[in-house]
Amino acid sequence: MSTLVFLLVGVGLVVMSLHALFVHTHLLRQVLAINVLGTGVFMVFIAWGSQSPTPHADPVAQALVITGIVVAVSATALALALALRIKQTTGRATLSEETEE
Amino acid sequence: MSLELALILLGMPFFLAGTVGLLRFPDLLSREHAVTKADNLGLGLVVLGLMLGAESVLLAVKLFLIWIAVLVASATVAQLIAHTVIDAGSETGGGS
Amino acid sequence: MTDWYLGLAGFLLLNLGLGLVRVLRGPTPADRMVAAQLFGTTGVAAILLLGQGMQERALVDLALLLSVLAAVTGVAFTRLYRRVQ
Amino acid sequence: MDWVLEASALSLFGPMGLALDLLLAAGLLWLAWRVLYSPDLFLSVVLFISFGLLVSLAYLRLRAPDVAMAEAAIGAALTGTLLLYTLRHMGVPIEPPRLAQHRLLTGLALLMSAGLGWAILTMPGFSDGLVVQVTQHLPQSGVEHPVTAVLLNFRAYDTMLEVAVLLLALVGVWAVSSTELRLPAPSAVLRGMVSVLLPPGLLVGGYLLWVGAYQPGGAFQGGAVLGGLLVLLFLAGWRALAAGWLLRLALGAGLLAFLAVGVLAMAGGSLLEYRLEAAKNLILFIEFFVALSVAATLAMLLLGRPGSAGEQQP
């Protein structure tokens, strides 16, 4: 049952964060949304892999997700550095030109 | 009921007390007091209980190390957070 | 036995949920951070009990990892959010 | 839905386990909602850190302790620190969420969740083909823990490129960041704590790296612990570490070790195809340096460009 519960949690996370990604214009919020989005995808992966008959979840899925987590943190760091630079250069924390004063 | 489980059960009220203190106490410093004292005692009892049931010395050592590390970390962070408040008045900058 | 440990882990999870109320209420960032620190202690205890309930020895290693890193975000907060005079 | 029954038959969790799962699920969804939509960004970041811990617990319930370790160390501790740092420097305390075309997007999101939910519930049953492959070839991998075998042997290409991606991301961060970490003088308490935590922390990092050969753990988990310790060291004022050549060397060590072993293996076969009798030692050799690289890179990602700070100081 764990599998089903967390598969649906994964779907919930993906949908919520996609919505947030479109609705928010603040760069930090968008980075947060992408992180939650990634977590949702990882959760689906691991939940699916937890059906494996081995003592632990599917090792291939686990290896992929570990790789994914490490890549996600490096992408996050790069995105945050970019966001900070944009804020320092333009004075805005968003990418859109016209919404701000 | 085994002594192991009894000790762990004994630890649970401390966690609850810490949380209640966190919610009910009026200011930051007393809340910190509640959280750090109660939770560390609770974790101590859980660790002690599990150590009794540990099948190897390595496991017992790991459990003890966990408790010590959490103790050191939570005490220090509590002290540091308290200082940011004492130094800056009630305002610490940044968020709301 | 298994159910006992899982139940107690659930109890600690509920405790964490209650603690989140303080994170939400604040009012200052320091208040939120103190409440978040609760996750260090209670979370470690919950993982230990979960490990016992699921007969999974590796969870002790996870608790070990968490306990060593428990201070990182708290220290980062106090170092970054103090006014640089 | 046969596979659901199959999965529940496999697991040793009774009704109490199900209750725990539902509790976790509710907590995860609620926390994610607050992270994404709370009006105060600082609150969002703090909740994101707590969210990481719950995600880690969910991975535990799904019998994926390796992933749980990576998530707890990287997803919660290091990403959280990065976010706290950026938020501090961007200085945007409260900003109401902008809800452009709110209704339309909400409708679309609901439609999508229905579609995704349907897709997942009607997925074909779990195929254990890859699991069987891994289990069958495990004796030839040199290690006993299947996740490590996949990461460092069966899919070693992926892991090598991932180490390169980490390095590239760091170069990117250095290229765009103009700020450096400015901190007040550390208190004696903080320095005391770091010096107390450092020895056991190093021990834990090394231990996780070592046991990865036969139980959950490995280069990334061990490296993440060491990276967290490095972040603590930086925050407590030991900044000179970052300017030194030792850390710079550590940044590239993982990729270099990987490449060296891979190319050497070509003498007997093709790239990254180890001979069985040497496999365990080669894997541990690579893992040692990858852990160092992961630790150094994760810590330096936070530090921004180290050169500018080093030049001003004597």
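Per-chain residue numbering starts at 1, and chain names A, B, C and D are given in the order in which the chains are listed.
Assume a residue touches a chain if its C-beta (ideal position, glycine included) is under 8 Å from a C-beta of that chain, and two chains touch if they have at least 3 such contacts.
Predicted model, so just to flag it, every value in this text is computed and none were measured.
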Maximum centroid distance from chain D, chain identifier (CA atoms): B
- line: Highest contact count belongs to the pair A-D
Query: If you average the Cα atoms of chain A and of chain C to get two centres, how far apart are those centres in Å?
result: 22
Task: Could you tell me the distance, in whole angstrom, between the mean C-alpha positions of chain B and chain D?
output: 26
Message: For chain B versus chain C, what separation do you get between their C-alpha means, in angstrom?
response: 9
Message: Show the residues in chain C shared as contacts by 2 or more other chains, in ascending order.
response: 26, 29, 32-33, 57, 61, 64, 68, 71, 75, 77, 81-82
Query: Considering chain D alone, which of its residues make contact with at least two other chains?
result: 13, 17, 40-43, 61, 63, 65, 78, 85, 87-88, 190, 193, 197, 200-201, 204, 216
Statement: Note: chain B residues in touch with at least two other chains are 65, 69, 72-73, 76, 80, 83, 94-96
Statement: Listing every touching pair of chains gives A-D, B-C, B-D, C-D
- prompt: What part of chain B is in contact with chain C in the complex they form?
  reply: 5, 8-9, 11-12, 15-16, 18-20, 22-23, 28, 31-32, 35, 39-40, 42-43, 46-47, 50, 53, 59, 62-63, 65-67, 69-70, 72-74, 76-78, 80-81, 83-85, 87-88, 90-96
Interfacial residue positions of chain D with respect to chain B in the complex: 40-43, 87-88, 91, 93-94, 187, 189-190, 192-193, 196-197, 200-201, 204
Statement: Listed in rising order, chain D residues that touch chain C in their complex are 12-14, 16-17, 19-20, 23-24, 27, 31, 34, 38, 40, 42-43, 46-47, 49-50, 53, 56-57, 60-61, 63, 65, 68-69, 72-73, 76-78, 80-81, 84-85, 88, 182-184, 186, 190, 193, 197, 200-201, 204-205, 207-208, 211, 215-217, 221, 224-225, 228-229, 231-232, 235-236
Message: For the complex, give me every residue of chain D touching chain A.
response: 3-4, 6-8, 10-11, 13, 17-18, 21-22, 25, 28-29, 32-33, 35-37, 41, 44-45, 48, 51, 55, 58-59, 61-67, 70-71, 74-75, 78-79, 82-83, 85-87, 89-90, 92, 95, 97-100, 102, 105-106, 108-109, 112-113, 116-117, 120, 123, 126, 128, 130-131, 134-135, 146-147, 149-151, 155, 158-159, 162, 165-166, 169-170, 172-173, 176-179, 216, 220, 294, 297-298, 301-302, 304
- request: Name, in rising order, each residue of chain C that touches chain D in their complex.
  value: 2-3, 6-7, 9-10, 13-14, 16-17, 20, 23-24, 26, 29, 32-33, 36, 39, 43, 46-47, 50-51, 53-59, 61-62, 64-66, 68-69, 71-73, 75-77, 79-82, 84-85
